[in-house]
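As structure tokens, here come the structures.
Look for chain A in each of the two complexes below; its partner is chain B in the first and chain C in the second.
Then we have the complex of A and B:
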């Protein structure tokens, strides 16, 4: 067993365990976005960052293993400020379409914003507008809303072993694409739906479910 | 402190196309010494004892890296030479590669012996394709001369992307994938190329190796400062009369390089370490160049009084936005946000709130980005906000000022 300090108390963990897993076992909720327990972590969104004493930067808890003697702070002011700042960026580049979005109150980005108390971003940045892709009989892709968590890419690859999606272009223009950036059609994708269930926002929707009322806890956005 | 030639010792002295001229300058003697007189562990102890630190920017102790790879379980291990040289304003690796390819090959052979590797890669910046032939020729001559003993050195052409110089993205690129940064740990010495133990070193780091083996750790250890041993090769450009490559003992003052060697005048600011480096105003010109202070990969860009500071910062940020891989949120969106805000300051329509946002975003990027690119992208912003606050204030929209 490995002994570490978690938010001031001494706790024990197993070798190889990540900071996130340890926190979860101890009832501490660290927000995540690109991480899903069913998929390999990639450390892309950085929302799960935590402070480890002595480290030069914050570390992403979803892929950083615990080490003996680590002193971890999951909700220090530094951590909260950084998380808020990341969510603010995501909101700033997200289309202002929440009112008419099918993901409605199931949206993980909205939930994060509400939990962290992030309201309207203080600045503007470019948005990436793409035409709605509704060629596929199964999936409607609205990549304008995509936050590049790569959950669909990994779900398709790791769970269904299909590898339909990949990332193309670079930097701000990065995009989840099919083949050489072709619209998703039924030639490459069958209707397993696995990617849809993994999308945290409204970028992927099941065709027949688009515009059907959603159930879920209502969220309040602070502003 | 004087100029001193350790790394550039053979440059201009030997014929890079003829191994015999290299042999005439003690070429491959270090390799022979390592193989016959030293065990791999002793080679590593020598490098550790020398205090040699990585010259690619991060300054990680070379010997420690080698030791980790040597001790990592597995029989298949790799040696990579990082010749991607992507940092803005660096051209020293190109200079060395074109004039002394044999030292690099000898160093890689020593590294292979030390960590137990039979395969080496030189990841060559795509724009340096014209050096391909020269390097291949040098490898072939070393092979024919029987110096490589089973070690195969391959040249892999870069993907033409700044982030591919980052060690993990570089490995993805060699593996034939999109150059995207991997998270660490695991670190390359335990899981690198194809998941196998790998050491990756900058060209200049490696060139030091044969000298250290020949002359001993003690000799190297006496050159430089407390925590920065040896010399550093600088690429200096910008508003100077004599731009070029200079090798100085670690700890030499910036003034010596900028004013005495490169003959700069009316200096306003100096960017040390390229776009990812630190910005120093003229009053800091006596700062010693070392890992303890400022160094990076040794790119020094000089700007004189005629230059606009905010414009420099804006263009630096444009560079990072262009070269960001796009994997992590802080860098992908942070660089974009900074461009938007800095553009306002360029035009003179910034606001006080913009300054707060700049500071918040910079801090977040430094703390949470996945790799060094995002972590260092805000450096120029942070430093100029510190040293030239008035310039930003002056660009706040007139309607904002009370």
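Then we have the complex of A and C:
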């Protein structure tokens, strides 16, 4: 067993376990975005960052293993500030389409923003707009909303043993592409949907659920 | 132009870990990475097309289009940015009449932006072919360009 200090109390963990897993076992809630327990962690989003005394920078708890004597702070002011900034940065390039987005209150980004009390970003708003991809009979992709967590890429690869997606380009231009950046239209996507359930935002939707006119109740009656 | 054909190149790079070396050699031999090679590279190394495309588009030293005789790569990473590399790009644009990603009509120069080339201590920096130029000012540009035919 490995003994570490977690938010001031001494706790025990097993070798090889990550800081995130240890925290979860001890009832401490660390937010995550690119992490999913079913997938290999890649440390892409940094929302799960925690402070480890003596470490040069904050570390991503989802892929950092515990070590003997570590003193970990999961909710220190520094950590909260970093998490807030990350969400602000994500929002600075995220379309303001929440009102009409089908992900609605299931959106993990929106939930994080609410939990962390993030308001309008302090950063320069800079968006990237991509055409809606609706050629596939199974999946509609709206990459304008994509936050590049790579959950779809990994779910397709690790769970379905397919390789429909990969990341291309660099920096702000990074994008989840299919083949040589063609709109998604693959026959292997029939009867699958796995990536859709992994997308934390509204970038992936089932064809039959997207693009259907909403049948709302009219609020105003004329006549 | 090409002294090695694609099948010859593919034959000397057989594993996934050779992907970058292969792309680099194709870039050297052909002057760019032709899009129609990508599916063949993927098949040969047993990789998804998207992954080969992803690696090919990540590196600014791999180009998707045929380049001019001399390739100018101006560093756009943070330290050079802080030392006003934009001014260097503007000067080059004016001198050459082309923007980043373009090639002059006579094929003499291509202008590219690149990520850090390791000369941050002497920013702003750029490379022309394999030569690095540092501590750039707009005044230095015409003379540097004059050295290339």
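Observations
Convention: the second predicted complex is superposed on the first by the 206 of 223 C-alpha atoms of A that agree within 3 Å, B and C clash if a C-alpha of one lies under 4 Å from a C-alpha of the other, contacts with A are read in each partner's own complex, and residues count from 1 in each chain.
Following the convention adopted for this analysis, a contact is a pair of C-beta atoms (placed from the backbone, for glycine too) under 8 Å apart; a residue touches a chain by one contact, two chains touch by 3 or more.
Note that the coordinates shown come from a computational prediction; the quantities given were computed from them, not determined experimentally.
On the superposed chain A, the two partners chain B and chain C do not both fit; they clash. Looking at the shared chain after the overlay, A:57 reaches chain B, while chain C stays out of its contact range. Shared-chain residue A:180: touches chain C; no touch with chain B. Look at A:129: by the touch rule set out above, it reaches neither chain B nor chain C. More residues of chain A are in touch with B than with the other of chain B and chain C. By the touch criterion defined above, A:170 reaches both chain B and chain C. With both structures placed on the common chain, the touch criterion links A:42 to chain B but leaves chain C unconnected.
Overlaying the two complexes on chain A leaves one chain B stretch of 95-103, 239-247 or 311-319 clashing with chain C, which is 311-319.
Residue overlap on chain A between the chain B contacts of one complex and the chain C contacts of the other covers 166-167, 169-170.
Of all residues in chain B, those touching chain A in their complex are 161, 178, 180, 183, 185, 321-330, 332-337, 340-341, 353-354, 356-357, 360-361, 363-364, 366-370, 375. Those residues of chain C that touch chain A in the shared complex are 35, 38, 48-51, 53-54, 57-58, 60, 115.
Only residues 163-170, 177-181 of chain A touch chain C when the two sit together in their complex.
Residues 41-47, 49, 57-58, 60, 63-65, 78, 81-82, 85-86, 89-90, 92-93, 122-126, 147-148, 166-167, 169-174 of chain A are the ones that touch chain B when the two sit in their complex.
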